[in-house]
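Quick heads-up: structures coming right below.
Here chain A shows up in two complexes: once beside chain B, once beside chain C.
Let's look at the complex of A and B:
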């Protein structure tokens, strides 16, 4: 006696799963407001300025979207790893490696644009992928925790690319006789075109959205995605069912690193047009925050990366127009992470959903299907 | 709606009631797990709680322990209405619960586990000497034979359970809830548990105990409450009822735990184990040079007291544990040291002993759990893509054929009641219809109706030409299902017996390690 769930039921469950992250965000903004009060400023005005800084006009909104791309892509990388039960935290390092490789591909390979862009993106993704693959090998061959290796390799990547761009690959031209630590400018054929003429948003945004859809499809609609998720749910069960653990870990690590490497490549080809030393203001870390707030789900990561990007862009505006410093955004974001990680609102969301469940069960027969969705 | 309520025999002596649950209602999305349940406890009684899988027993007890909040109804404790927001409240009210899956820290010692969270302190730091002496004293008072300094992971299941009980007693529990405590115990351990329970009851402790085994109800309980479909169908003094009536109230019909098994001429050897040596987690040999064969159309039952190498044997055959020496063949193919995937592909299905460790992913949906291993093949996946329609059909057929409740393939496996989770696993593995079935404790946690059904299914699979290796600590199950019985003792075979001719006493003797060693009967005649 199977019954199609009413959309209301499905919605109620989806809403219940969103209560905890939304509460975390709201309460964190409240905490931020208290801090603004404490430093003697007007929180209403500060937040208004923050809002205007992000959504005030087309230009700011476009920069919100622009900034969202690296957060989204690294976030998706983490999501793949987390869904597979891997604690991969090296997105920032993979982003640097990918960015550097894409920059080289961008100015060293003279090919037409239709080939150059995909090629440079691919090379960047591949570089990030190989870099995270090292952690995968260490984990599968020597059982070294990927948590530690990816974390440490982040610093290695950042210092390594710094050295590379300061010595062997430093740009020395007439206009820049080695003053700035950066590589040569990429060829015009490697530049990411704009989506809309006149709007400063490159096609990286579309690539990000496509990646989110593909990651979702991969995780929930393909056989390999199924094996990843089962391994993440219960590795013993996966082993018992014949899922190859080594293969799962390796592919998940490679895929995760590829997404972060792609994030770096898009930054180079779309924004900086060259590799600039220490160009990332912690995209890989904000991406981690997005993946965690988004519950390691592609859609959740998309929404969360938008939120964090807006928060950051808005905070710049707030910094300019009020006495509240930009760092407030760090406090708010860290507070959000604290609430999500400690799952403080998880139990509230749970109770709430149970209460609404009670209302639903009234008059429902016993064979009726439970409305608990898996996603 | 009338709910038959127990009337105290002695003219409603309300004072003797230590606890009453009145009109408890608890719903989960789409399921009414408790439907106006009345339940009460008298001081010093052992109260058995029985009912079908999914009847709502665990839910009711979780409410009493403060893990769930009831939607309606009230709990009256010693005449006062109480609210248990969390286990902290219920523990404070003197209620303790031992879950089926123990919640001990394996690397800690017995005494550390017992006092954990309520440590005696001296000048701010943990007073170990005092903790040890308190635990010693507690063990002595209740006559528990247990070494406070032993580490949990070195203890057999029965002792771990005793540690759980002591943990509750240490916190001053007057009411002790045990959810299917005997499911994981050997008959000997069960006996010891009953001695403990009876002595606790004599000291005035009240005990609620959930079980699917009616002979246990008859043996230890003073009263019994039967649940069915979320409602209480009967509460009676045990002396005034019998196992048949209880079974009828549970299932709503007569249950005959009898298997009809035709004689079959066994065919080819499908599973062959030759001089097998397997080590346990500590690196000691648990299986020592074991050899046997199982043929098409044959059930080989492995009897033995738990912990004599059965678990290691099953894990070695299914590829979950390395083989130190010897050979294993499935359908004529040497699979020694192969991956679980290769072994399954050779034609082996496996009902694992631990349902939540190997058997399923609690956070996955029923359908995700239902397609494990089949996800490698068409029609479940085509060209690497999941085929939603085939998955739906497959999951529904398992739900339908193995009576998994609720009938919802999108429910999370962790939300199924223990018995229904087991049905899902059994359904998945038996639907594979493989040539070899390794079934470990297949009926653990199932209600009698489901056991009856599953026993017949296993025999049916044998009749269709499968070779079944049945590993069970339930001697009755092994005796009634098997064609041949292999008794394991300390990792070795005490001999194989023809099930038709074997006497329970003889098997029991062999299980205790008394009697002849080495193979007999079957191999000689083969």
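Let's look at the complex of A and C:
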């Protein structure tokens, strides 16, 4: 039987786990302020312009949400992999492969919209999933570290799609005789519709939220998800408990790649309406940052991806209205990652939650062992 | 009483004139560019902005914003248009979709796109260059100056626009020196100086002694390799001779700066026209920097007088139509 935790306990644990990332963000903004001072600008005004650039009007806020989608989806992909103990870093490459496949599906398959959109998204997700599956096979069959393969395959994906769009699939029409390295425009039936008419936000955002909920449900409320987390927690113990490690790793890799592929597909169908060479400004890497800051939790990844997206969109506004360059956003984000990765503030949260964590472990182990036995 | 009324009227007029002058506000111009600092294409546009800032001081507000990614550039342009900026300038055919979307939505703003044509929208001006003509000229320069009868071309991306540079160059070389060998390679990026340098070294090791790079920021690698190997280089877009005075025999200047400056100039004087301009040697849109109006001293110090005279003649022949340069863009 699962012991129901009291609300106080839940809140205490949640709050403790949030101390480190929140402190990291605040201190990084302070570091950014110092740099703004060094440039000779007023940090209060710069941050005010940044805030206004993200939340000032409907358009910019829509940009924040729009930009969050690829970060959230690739971030969820990383979260699934990290929870399963896989160091999968190939989100950017899977995003490119998925985006390219979705673009082809978007202009080559003439079917009605109700079928076209899900089909193109599915094809994109499948392509990303197959691509990460290569790393999965290499890991499970030949024990090649997925850390290396996924990282390297990111470059292969970027150059491969670049070549594909430069030569065999370059747009050639009467108005554009192959001027730019981009594919044909997708058919109107494959365009993601807007959520509200008049507002530029497409339904990709809802897909992102749905994916976050599903990933959470899968990881924390299903038996298979539990085996994933168990494998991540202690692979040897999990195997001893009867979990098929090969199968778990394969499914986790496929799922992770599918989420990143979906991210790319939504960018193509919702924003660019075609595959443009090198269109991603590092969504896969920002998604990685979001997953790490969010502690590989779906909710945490959602919040972190929103934060990074707001930071970037706001930085554009800051660039417009002050002399502080857009790149300040990279500095702030990198500083956040530094503090989180080095776990500078982690010890503070740890000390506070030690006592409640002890009580937690007891209940959890009991609960877990029975679940393992039943798998 | 009359005095009071007259004072009242006078002050009212004064207030109204203030109001009017505040309404007729200074035109605001923004250049949204992927990255500055290539010392070539983008920096040429930047030079036009700086010239406008200097020569039209007080008559125009000019701003440059870097947007290294497509979505960010789109957002910046949309934000400036929404804020009522009068002229939005961008470079390259990558932004055709964006302009087609924004221009009809913000009819009070004007738009200028370089290197791409967007016809039929009443507030978009397009400027194209006949780069093959200028490239023909520097091709002839290379053909006349080579000692090994072997010259090289480095392209940025393998796209029609750069084929046009390559085509002009090859025709120019062949025109003056039919026996010369021409090697051509493409970097595949606008900002990969390391690869540009590597490809240049390959061409030099295979006998080339003059290299022409039309590769944006990747062209910096060509200049480095030419310096290290003691060969001659030909720059592109901006006049790049100053970057390596001992090794540069010229640049194929493409006057993006003039296109930007004169469009701003027209805007300030209320003469902006949403036309398509096609600038070649005749319009002084392209050319070799050794000839007027640039007459770069660095180039002239390397190139002997008889070669300069021959090039001046070729330039005249292109303008008069005696020499027809084939455009490889449509090939």
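The criterion applied here is as follows: the second predicted complex is superposed on the first by the 344 of 375 C-alpha atoms of A that agree within 3 Å, B and C clash if a C-alpha of one lies under 4 Å from a C-alpha of the other, contacts with A are read in each partner's own complex, and residues count from 1 in each chain.
Quick note on the criterion: contacts are C-beta pairs under 8 Å (C-beta built on N, C-alpha and C of every residue); 3 or more make two chains touch, one makes a residue touch a chain.
Bear in mind that the values here come from a model prediction, so they are computed numbers and not experimental data.
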Looking at A:272, would you say it contacts chain B, chain C, both, or neither? Reply first, second, both or neither. second
Between chain B (first) and chain C (second), which does A:49 come into contact with in this model arrangement: first, second, both, or neither? neither
A:248 in the overlay: touching chain B, chain C, both, or neither? Say first, second, both or neither. neither
Touch test for A:233: chain B only (first), chain C only (second), both, or neither? first
A:319 contacts which: chain B (first), chain C (second), both, neither? second
Between chain B and chain C, which one contacts more residues of chain A in the superposed model? B
Could you say whether A:63 touches chain B, chain C, both of them, or neither, answering first, second, both or neither? second
Do chain B and chain C land on any of the same chain A residues, and which? none
Footprint of chain B on chain A - complex, ascending: 1-2, 5, 9, 13, 220-224, 226-227, 229-230, 233-234, 236-244, 351, 354, 357-358, 360-362, 364, 366-374
Complex contacts: residues of chain A adjacent to chain C: 59-60, 63, 67, 162, 166, 176-181, 271-273, 276, 279, 281, 312-313, 316-317, 319-320, 325-326
Help me check something: in the complex, which residues belonging to chain C touch chain A? 65-72, 75-76, 78-80, 82-83, 93-94, 96-97, 116, 157-161, 188, 329-330
Give the list of chain B residues in touch with chain A in this complex. 27-32, 69, 71, 229-230, 318, 320, 339-341, 344-345, 350, 352, 357-365, 368, 371-373, 375-376, 381, 384-386, 396, 406-408, 410-412, 415
